[in-house]
Structure formats: C-alpha cells, structure tokens
Amino acid sequence: MKRTAALALFSGGIALYCLVPFVWFVLTSLKSGTELTAIPPILLPSFHLSFYRSALENYGLLHYIANSIIVAASATMVTVAVGSLAAYAIARFQSKWTHFYLLLLLAISMFPQIAIAGPVWTILDRLQWLNTYQGLVAAYVALCLPLATWILATFFRDVPVEIEEAALIDGCSRLQALYKVVLPLAAPGILTAALLVFIYAWNEFFFALIIMTDPNVQTLPVGIALFPGEYTMPWGEIAAASTIATLPLILLTLIFQRGIVRGLSAGAVKG
Amino acid sequence: MFIARAIPFMLALVLALVHGVFVGVAYAQTTELRFVTWRSEAPEVWNQGIADFERQNPGVKVIREIGPQSSTQLHDLLTQKLKNRDPRLDVFVMDVIWPAEFGSAGWTLPLDRYFSKSEQQGFLDAPIAANRYRGSIFGVPLFIDAGLLYYRKDLLTKYRVAPPRTWTELVDAAKKILTAANDPQLIGYSGQFKQYEGLICNMMEFILGNGGKLWDEVAMVSALEQPAARAAVRFVRDRIIGEVSHRGVLAYEEPESLALFTEGRAIFHRNWPYAWAVANDSERSKVAGRVGRAPLPGFSPAQGAAALGGWQIGVSRYSLQPELAWRFAAFMTGANMQKRIALATGRAPTRRALYDDPEIDKKMPQLKSLLETFKQAAPRPVTPVYAPLSNIMQRYFSSVLALHNTDIDKRASFAGRDMNRVLDLLRDRSTP
Amino acid sequence: MKRSQDAALWFLLPSFCFVALFSLFPIVESLRLSFYRMILTLPWLGQRMVGWENYADLATDPVARDALVTTLLFIGVTIPLELLLGLGIALVLNEAFRGRGLLRAVVLVPWAIPTVVASQMWRFIFNDRYGLVNFMLFGADTSSYLAPLADPYLALAAIMIAEIWKTTPFAALIILAGLQSIADELYEAASVDGATSWQKFRHVTLPLLKPALLLALLFRTVDSLRVFDLVYVMTQGGPADATNVLQFYGYKKTFAEGMIGYGSAIAVTVFLLSLTLALVYLHLLRTSRWKEAGL
C-alpha cells in the first residue's frame, strides 16, 4: 500500500514536471486574442481555434512541417544506413582502424556546431546543394553519425556471432549477413538511433536558418522563427505552431517508447 | 527487409528530385532576381508592387527569400551568402546600421553610378548619411524611423501636467502622476532596455540629449567616458529606472514595452513612429484616442535627440545582373512604392516630396510634424566596425542598468578602452 | 585476417566520406582560421597568419573569461541537477506498475520538443506580466510580479531551468538503462543478507550504476558546453552578459562581428574544454567494459 502510494506520488510529480510547461503553452494556443494577454493570466482558455487557423493560413505552417518531415526522414534513413555499415565494421572487425575511427567520431562530435556552420555552408555552396533537401540532409547526417554509429555498434556487438557465422558458412557475403541477420536482431538499437537522428533533424535550427533561405524548402524551426513580426510577438500563433510541431514527435515517442528504453538499455551499460 | 526500408528513402529522394525539377523547369525561361527581405506587414502592397515591376520588365521574375524579422538573424543569413560571394543574391534589405559594414566588406555594390548626388537630394539627409561611407553610397533608403515620446494625454490633462520638455520634467511629471493616481499597476516610463541593439538607441537618446556623444567621429575614439555621457547614463539608472520605471523594462524590446503602454500601464513611452497607429487602434489598444506624441526631451529644452532607424535596399556586389538589380531597388524605393507602403503600413517615407503629398497628409496628418525630428535624427556610428562597438556598448549599458551599485565611471572607461581598441583597427588603413 | 581488414575499410568508407567532407574538413578549417586574423568587414587588413595571437587575446579577454565562468557555472549547476532528477525519475520508472509505459512516454516529452519551441515556451512562462511562474508565485497580485529575464542572476537561473527541463529525460533514460541491467539476483542476495533498501541502493545499485552515470555525465557535459539555441532565443546573452556562455560569445564574434579568426579560436577552446572533460570522465570510467567497446 505504502509502495503504491509513494509510486503514485512520485509518478504524479514526474508527470507534472514534464508536462506542465508544455501543457501551459498548449492551453495558451487555445485562448482568444484578449485572453492571451490578460493580466493576471487566465488558466483555462475558452478553446478558441483562431490562433491555429492563423498559424495555418497566414503563416503556412503545414508547408514547414512537410519540409521538416522530408528532411528528418531522409536524414534518419541515410544516417542509419551509412552508420550501420560503419557500426558493423567496428563491432565485427575489431582492429586498430575501427578503434581509431570510433575515437575520431567521438572527438568530432564535441566540436561546437555553430563554428563549423560557415565552412559547411561553403561546401554545400560549391556542390550547389544550398536550398535543397539533400544539402541539409547531408549536413545532418554528418552531425548525427557519431552518436548513431556508437549506439549501433554497441548493439551489433551484442548480436551472437554464431548465427552470423552460420549464415556466412552458408555462402552469404558480409553485407548480406549484415542485412539479413544482424539488423533484424539489433532492431531496438536501430530504433533508438533512428529516433535520435529524427529528433535532432526535427529540432535543428541554425544550420537550417542559413542553408535554407528559400521559403519553399524551409523547415519548421526556421518557420517558427519567422513568426515574430518586426514589432509584434504573436504568442498565440507561436503556441499553436509549437503544439502542431511537437505532436508528431510526441506520437512517435509514444509509439516507440518501449523500443527506445530497451534500445538505450543494452547500449549504455554494456558499453 | 532491406528493400522494405529502402522504399521510403527512395520515395523521399524522388520527392526531392521532382520538387527540384519542377522548380527548375518553372524558372528556366525567365531571368530571376533574388530578393532577400523580411515579411512585410502589408504583404498585398509588396506583392502588388513586385507584380507591377515584373509587368514593366517582361521576362523577369522576382524571387523573394523571406528571412526573420529579427535584425540579428537576418544579418546572420545575409552575411553568410555575401561573404561567400553567392551569385544568387541580387537585392536585399539593410538595417540602417549595416551599409558602412557591408560597403567596407565589399558586399554591397557602390551605387554612385546609378544614384546621383542630385537624386540623393530628393531623400532626407539623415538616412542618406547613414548609407554613405568613404565617399560612396551603398544603399537606397526605403523608410525612416526615429525615436519619439508617447504619453497619456488624458493623464497629463487630468493631473494638470504639461508635456515635459526636459527629462527632469518628465521624471517629476511621472512622479506627480504616480502619486496622485495611486494605481499600483501604473508605471512612469516604458522603454527598451534589454541587452540588444535597441538599447543603444534608447541610451544614445539620453546621452545626446545631454550634449554628449557615443564617439568622436573625427578623432575616432570613444566618447563614453566624457562627463556628459556618464551623467546621462547615471540619470537613466538612478532616476528613470530607479524612480519611475520598473525592473521589467530591462528585458523589454519594442513589443513588450509598447504592450505595457497600450494596456494603459505606462504614462510615458519611448518608441518608433509605428507605435502611433498601434496605440490608437481600438482593437489592439486600451488607450486609443488618449495618446499624445512629441519629440523626445533633452536635458535642456530643445536639446532632445532621436535615434535614427529605418531600412534601406542594397544591391549585392556579386549579383550577375547589377543593372536589373538596381532597377528593382530604384523601383521599390521610388515615390510610388514609398507612398503605397506609407499609406498601408504607416511607415514614414524617405523621399522629401512625399511629405507634401495630399493623400499621405490626409491619411497620416501627423507625419508632417515629424519631419523636423526626422531631419535631426542622429545615426549610430557609421563605421564598418559598428557591430563590435555595439556589442561593447550594449554590455556596458546593460551592466550599469541591470546590476546594482555599479561604478559607472570605471565601466565607462573600460568600455571606452575596448571601443578604442576596435577603432584602432581602422587606423591601419592608409588614407584614400 | 587481412581480408577482414580490407572489408572493414570498405564498410567504414561511406560513413567516412560524410564525416570527412561535412565534419572533419570544416573542423580543420575552423582550426586553421583560429591562427589567422580575419575580419570580414575590414578586408584590407587581409588574412594574416598570427599564430597564437588569437588565443593569447582570448586568455586576457575579460569578456571571454566571464563567459567561461558563466559556462562552467552553467554546467556545474545543471549537470548534477539533471543527473539527480534523472536518477529519481529512473528509479521510479524502474519499478513495475500500471501505467509505467505511459509515464515513460510522458517523460520523453520535454526531449521531443524542438529547442526553439521550448525556448519560446520558457520565455513566455517567465514573462513578467502574463507568465506562468509569476502567476503561480503571486496569483493575482500583479504588482509583485518578477521579471526573471531582466535580472542577471535570475536570467541565468531561468536558462538553467529551461535546460534542465529539456534534457533531464535523456539522463533519466541512460540511467534507467543502467538500472535495468542490474541483475535481480544481486538484490535478492543482499536481501538474504539482511540489507535495508538504503543499503541495497548504496552497495548494489550505485556501484553498478557508475558506468551509466558517467556516461550520462559525458554526453550531457559535451552538449551543455555547446548550448546555443536557448540563449539565442531567450536572452541573446543578456542582461549584462549574464547568460553569455562561451559558445554564444563565439557566435557573436563570428557571425555578428565578422571576426572569424577570433571566433574560431573560441570554438576550438570550447572543443578542447569538452575533450579535456571527456578524457577525465573516461579515465574515471576505466573498466574492462569500456576497453571492450574500443574506447
């Protein structure tokens, strides 16, 4: 009894801590114009959808979301694909090269991204990939590869070698062994890495700001940064846009939450 | 399983390619003119204007790249393209503090060839001066802003206080009204004192109003350590913020400070001309019709100073079609466009003739009275190293205002020393 | 054996291509630029190789020193709190109860929200007139309302709160992973020996949790040192430079002022700081498991 009560109390506290700020913002998005700036603030809104309408119609929100989905999904798929290859090498062909490569990746991931934004822009410019999906995706892939590779490598290492060796004896190439044996067994790891990359690409702001200046391809964080007028701060629309922006991620995390926890579980401790 | 996972990826790739091809095909037969700007408050006017330009120049398509309203973010975006000599940028908007920086860096095309001195005469002096650097002109002024004082006419009348002509009068008036009104929600003065560019505008109005300066333009040294400047800063900290305002203004930019005024919670308010329309709009303001506007006071009568603001249009030095880009810049800053923008958004035009225009006079009757203020608006230091100077000054002003018991004299001398170190960089250059 | 090595190199190649082009090259370029004096708005000064001058200036730059102190203060406060809260959350999530799955999803919400969204949200919450914090503290008594973002100390605290809220879930998950891998038999054995809950925690859980805790410490420290979006949206470094973390100062130098050489030196400094701290952590974490992972 005491245990249940304590658990309930703590769970409630945790839920409040995690949700209250966000729920407050969501409630804000449902207020009417005058309720928004009421002093003192009003807790419960009257469920106006005017801000949502405004965010969607006047600010083109859906368009930004579509771009974000394209960029984040592509970045995820490419990172997982490329990262799997490297992770497989690190997990299976343990040599001084793979050892060195893992350390290199970790060191690279520590460099402040803002500082390399400039050179990355220049490279994309030379490739004529500015204002294109592939340009931003390529930049995100490079930024996410260290963490993704690291997680994937730890998972692959946990896959028993015997099954793979059986497949190899049966005549599979290394690549086939990777795709047919290792990947299915390492699914939690792939899920974790995929979600991490997706969330990163979905959230990223500064690179998107300077690389995507054409409104056709701008992603959501940049779109939201365009909401403020020169001398106005449309809190209502921003709250509405933020709610819509976050819902897909929340849904994703809800669906995959078991997978994620299992994912980091095996990865973090087994090293 | 590999195929299953590859399909979505290929789909995404195909989508991207199709999109790219579509866009490419649509523009294949036209000349593109790329224009980086923020979103206007009157998009119909801009859309109409651009459509007119395209009609007048068949085969030309103006592609707008919309950047954030925030001056700093737009600056980041623009400089990224310009420093990499991006040929796909032709025309862009510039904040009033950028022309010297962009001109010196070689990013904007000097426009002397197209924009003659006599043409420049048709514009107000202050913005033109801000666009000139080392003898060349680097931008065309689009609209002008200057700091103004707003006040609650009804409160001043009710408590029999005259509109103040000096800052001391303003503080005394505010205190008198605050005591008499006894409203805990009311404060005396609302301005922009957050650590950002606007802080410089607010503070320089006090400093210049005391006969001080931010820098000595001729000697190219800081003037912050001068007694007049220090006294003005001390006044702001001790009397404005200390006595008649509240600490919250230290986090305010224009929107928040104006909101305080339109909610009826501030007696005096400093802001740009646009605030007039907002404050008198009964849908957005609780004090509509009860607002007065005047030039900012100084420390002695008629010594008030207003900071110069506004935006200009510049042409990229790396544009592949500078003639066309110039034509567009000239069109957007032409009398017709400026008038349309003024009528739709309330922005003050930069062409002198428009101040006598009957239509504008009818729609914005107070505009003419602002002409004097505009003529005397003071620019921030017009120098390529303005950005580091601004950061140093922002740090100084914000520290003095936000921290307690600061030694103004010491901090002023540190700021001055830092500014001089930056200004020294300019001395390396041999005279032209 | 050699064939294995060749195969390994082929597998590493695609990843290496991305990383070399979009990470390694820019980093090397940044490093190179840090040895030059390069000011974009003063092109006649040219790009002069000045060796260690930028770093020497950085060492004597009072603003940089304050920024470093601010950064260290920032990570010194946020990281322990994140780990503590993360530990608490992980301990709860480790228990089996109904609704655990839902709570796990709820815990992930702060992490899932885009940082620019979260920053705006917290700015709104700390607003001095209609913010939630003021409402909760003072209710309808609006004259007592605070302006957290206007006060240097409170502003830094506000940024810290926003950061902790945003990243605690990540720490919680890593620690939860560590908790879940501790075999139940160990707890049973301790029970048999008569250990109390606290003793079990101190002698079974904590020691075995060390790798996960240190891992959370590593990731979080490296990320905290690079905090940018929060400051960019909420305070732009103010008031009075109170929230001017080192990397934001670097951004201002590089992008706002065009002082590319100096800005790059700041970035390299942040990088070296991360590296040093990481090496310290890795040394502390020196167990055979890490050697297995190839670290």
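Think of it as A, B and C in the order they're written, each chain with its own count starting at 1.
The rule is simple: a contact is a pair of C-beta atoms (placed from the backbone, for glycine too) under 8 Å apart; a residue touches a chain by one contact, two chains touch by 3 or more.
In this text the structure is predicted, and so the values were computed from the model without any measurement.
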| item | value |
| --- | --- |
| Category of the chain touch graph - line, ring, star, complete, other | complete |
| Chain of greatest Cα-centre distance to chain A | B |
| Approximate Å spacing (C-alpha centroids) for the pair chain A, chain B | 37 |
| Centroid distance [mean C-alpha coordinates] between chain C and chain A, Å | 16 |
| Multi-partner residues of chain C (each touching 2 or more other chains) | 129, 142 |
| Residues of chain B engaged with two or more neighbouring chains | 76, 80, 256, 259 |
| Residues of chain A touching at least two other chains | 37, 39, 118, 225 |
| Residue ranges of chain B in contact with chain A within the complex | 1-2, 5, 8-9, 12-13, 15-16, 19-20, 23, 36, 38-39, 41, 63-70, 73, 76-77, 80-81, 84, 86, 254-256, 258-259, 263, 272, 274-275, 278 |
| List of chain C residues in touch with chain A within their complex | 4-5, 7-9, 11-12, 14-16, 18-19, 21-27, 29-30, 85, 88-89, 92-93, 95, 97, 99, 101, 103-117, 120-122, 124-125, 129-132, 134-135, 139-140, 142, 165, 169, 173-174, 176-178, 180-181, 211-212, 215, 222, 225-226, 228-229, 232, 247, 250-251, 254, 260, 263-264, 266-268, 270-271, 274-275, 278, 287, 289-290, 292-295 |
| Interfacial residue positions of chain A with respect to chain C in the complex | 4, 7, 10-11, 14-15, 17-22, 24-25, 28, 36-41, 43, 82-83, 85-86, 88-90, 92-95, 97-99, 101-116, 118-120, 123, 138-139, 141-143, 145-146, 149, 153-154, 157, 174, 199, 202-203, 205-206, 220-221, 224-225, 235, 238-239, 242, 245-246, 249-250, 252-254, 257-258, 260-261, 264-271 |
| Chain C contact footprint on chain B (complex, rising order) | 72, 75-76, 79-80, 83, 101, 104-106, 184-185, 194-196, 246-252, 256, 259-260, 384-385, 387-388, 391, 394-395, 398-399, 401-403, 414, 425-426, 428-429 |
| In the complex, chain C residues that touch chain B | 39-45, 62-63, 128-129, 142-143, 145, 147, 149-152, 155, 235-242, 252, 255-259 |
